[in-house]
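Heads up, the next two complexes both have subunit A, just with different partners, subunit B and then subunit C.
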Partner chain A sequence: MTLPRRVPLSAALRYRGGGPMWAWILHRISGLSMIIFVALHVLAGFGIQQLGSDWAIWYNTLYESLAFQLFIYFCVIFHAVNGLRIIILDTWPALIKFQREFIWLEWAIVLPVYALTAWIMIQNSLGG
Partner chain B sequence: MQVTLKIFRYNPETDKKPHYETYTVEAEPTDRVLDLLEKVKGEQDGTLTFRRSCAHGVCGSDAMRINGVNRLACKVLVQDLGTNRITVEPLLGLPTIKDLVVDMEPFFEHYRSVKPYFINNDPPPKKERLQSPEERARFDDTTKCILCGACTTSCPSFWLDDQYVGPAAIVNAHRFIFDSRDQGAEERLKILADQFGVFRCHTIFNCTLACPREIQITRAIGEVRKAIATGRLD
Partner chain C sequence: MKPRKVPTPGWNFEYLMWLFIRISGAAMFLLALIGFVGALAMGARTQMDLGTLMRWTFFPNPNHVLNSNIVDIAPWANAYWQIMQLAIVFFGATHGFNGLRLILEEYIHSWGWHMFLRLVLLILWLITLGAGFFLVLTS
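Right after this comes the complex of A and B.
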C-alpha cells in the first residue's frame, strides 16, 4: 500500500531551507509568543485586581523578570522588522532578486537595536 | 573515495513502516548522486527503486531530498555536498509509492487546475502570432519549468495543506498569464485568487532555493499576486 502523505514536524524542521525558512519559523514563534503574552497579561491584571489569585501574582512576577522581558522584546523587534521585510518584498516583487541582501539587512537592524536595548535593560535591572 | 549512502526504503509489499538502509560505494568527487544510486541498484541491491529518465537535468524525474534539501539527483555532484555521508529521501508532502518514488498525481492535479495551456479564441492568423522581444521576455523565466516538483514539495504551506496549488502550478500559470498572445489571464487569476491560491504563499523562499532551473519562483508568485490585487498585467 502507498505510504500516505504525512509531513511530521521533525521532518519539516530537518528540511534545510536556510535563512528565509528560519526567519519564517521565528516569525511564527514570535507572533504566537506575543499573542500569549498579551492574553496572559490581560488575564493576570484581571486576576490580581478582581480575584487576588496566586496564579495571577505568579504570572506577574514571571513577566516582570529580566529573562522574560528580554525574550518578549526580541519577539517584538524581530517580528516587526521581519514583517516589514515581507511587506516590502510582497509589494514590490521586482526587489525579490535582492532577497538574500534583505535577510542580511534585517539582521543588521535587529541585532544592534536588540543588543543596545538589552544592554540598557540589563544595566537598569542590575542598578535597580 | 568511499561514500556512505543512507537511503529511505519502503516496500509496500513487505514493509509496514519505512526504514533507512546504509550502503558504502566507491565514488569519484565528480560522480553525481544519481550515479551512486545506479551503483547501489546495479551492484548491491536491485530492489532499490527510484525514478530517472534523461539523467541530464531536463526531464525532472529524479527530484528527491538529498542531505535534507530538494535536488535533482542527476545535477548534484558528490564534491558539491562537502561530505562523504549522503542521506537520500523521497520528496516531502506527497504519498510514497516505493522507496524514493512518490505519487505525483496530486501535484499534476494542481498543475492542470490553472489551465497551463494557450488560450486564444480569435481565428488563427495566416502566419504566426507576432510578439515583440520585450513581450516574450516578460514570461521567459517561467518557461524553464520542468515540473520536477522540487519547489512545491519544499513549500511549508504545501506541507501544511495539500489543497494549496503550490509554486509549480503558479509558475506555469504565470507563463501564460503574462503572455501577450494569451486571452485566459482573467480566468487563471480568478482560480489563483481562491483561498488555496497565491495568497497561501508566505514568502518563505524554499521554492526558489530548491528550483534546479533557478527560476525566480517567489518573484513569479509575487507578480501574480500583484496582478490579482491591481487588476493590471504590467
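Right after this comes the complex of A and C.
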C-alpha cells in the first residue's frame, strides 16, 4: 500500500538523510544480496548432491572465493547489527531521540568485528 | 484525487509479517549464537579455521565442515544440529523472501503485478525450503 511518489532521480540524490539513510540503503542492498546468493547456494548444494550439475559446482567455487566471502560476510554482519538496531528502536520508540548515536554505536560494533575477521581471512588465504 | 486505501490496523497480513521479520531476526541471532558456542564446545578452537567456524555458525551442517581438519565428524552430525539447521533454513528463507517481496512491492504499484510476484515468490520460497530441508535431512 505504498503511495506512488514521483521523485526525480536528481532530487533523490540531493536528499541528505545522513547515517540512518545510508543504513537503510545498505540494509536493503545487503538483504537483497543475501537472499539471492544464499538461496542460490542452497539450490547449488542440492544440485551438487543430487545431480552433480556443472553450474552448481561453478557457483559454489565462486561462493567460496575470498572476494565473495568478504562481501557476503559484510552483508551478514551489517544486516544483523542494523536489524538489531531496528528491533530495539521499534520496541522502545522513546530511544528514537538517540537515533544518531545508535548509528555511531552500530558502526563501532560492525567495523571492528568485520575488520578483525577480514584480516584473519585475508591472512589465511595468503597462506599465513 | 481519491484518498488512498489504508489497511485496517490489527492482525492483518502486513502486521503479521512485520512481527515475523523482527521475531525471526532475533531468532537467527540466537541460533547463530548456539551454533558458535556449540562449535567451540565441540573443539572448534583446535580443529577449525575461522572460515569453517563461521560456516558452522551460520548454518551448522556437517557438509560445511567436511573439508576441514576434523578428526571425528560424528559429534557434528546428529539430530540436535539437524533441528537447528531446519530452524535456520526456515527462518532465513522466510525472512529473506518476505524482504524480497517488500522491496519489490515498494517499486511496483500495480495490484495485478503484486499478486503475480507473490505467487512467484511463494513458489521460489517453497522450492528453496524443499531443497534446504532435503539437504539437511540427507547429510
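Side notes on the structure shown:
Convention: the second predicted complex is superposed on the first by the 114 of 128 C-alpha atoms of A that agree within 3 Å, B and C clash if a C-alpha of one lies under 4 Å from a C-alpha of the other, contacts with A are read in each partner's own complex, and residues count from 1 in each chain.
Definition applied: contacts are C-beta pairs under 8 Å (C-beta built on N, C-alpha and C of every residue); 3 or more make two chains touch, one makes a residue touch a chain.
These figures come from a predicted structure and were not determined experimentally.
Contact with subunit B, but none with subunit C, is seen for A:Gln99 once the two complexes are overlaid on the shared chain. With both structures placed on the common chain, the touch criterion links A:Tyr73 to subunit C but leaves subunit B unconnected.
Once chain A of one complex is fitted onto chain A of the other, the partner contacts of A:Leu126 are absent, as it touches neither subunit B nor subunit C.
Shared-chain residue A:Asp90: touches subunit B and subunit C both. In the superposition on chain A, A:Val7 makes contact with subunit B only, not with subunit C. In the superposition on chain A, contact of A:Gly18 is made with subunit B only, not with subunit C. Applying the stated contact rule after C-alpha superposition, one finds that A:Thr117 touches subunit C and leaves subunit B untouched. Put simply, subunit A uses residues 1-4, 86, 90 to touch subunit B in one complex and subunit C in the other. By the touch criterion stated above, subunit A contacts subunit C in their complex at residues 1-4, 28, 31-32, 34-35, 38-39, 42-43, 45-46, 49, 69, 73, 76, 80, 83-84, 86-87, 90, 117, 120-121, 124.
The residues of subunit C lying in touch with subunit A in their complex are 4-7, 14, 22, 25-26, 28-29, 32, 49-51, 54, 58, 63, 89, 92-93, 96-97, 99-100, 103, 105-106, 109, 124, 127-128, 131-132, 134-135, 138-139. Interface residues of subunit B, counted against subunit A in their complex, comprise 10, 12, 18, 65, 67-69, 92-97, 103, 106, 154, 156, 159-160, 162, 202-206, 208-209, 216, 218-219, 221-223, 225-226. Interface residues of subunit A, counted against subunit B in their complex, comprise 1-5, 7, 11-12, 14-18, 20-21, 24, 86, 89-90, 93-94, 96-97, 99.
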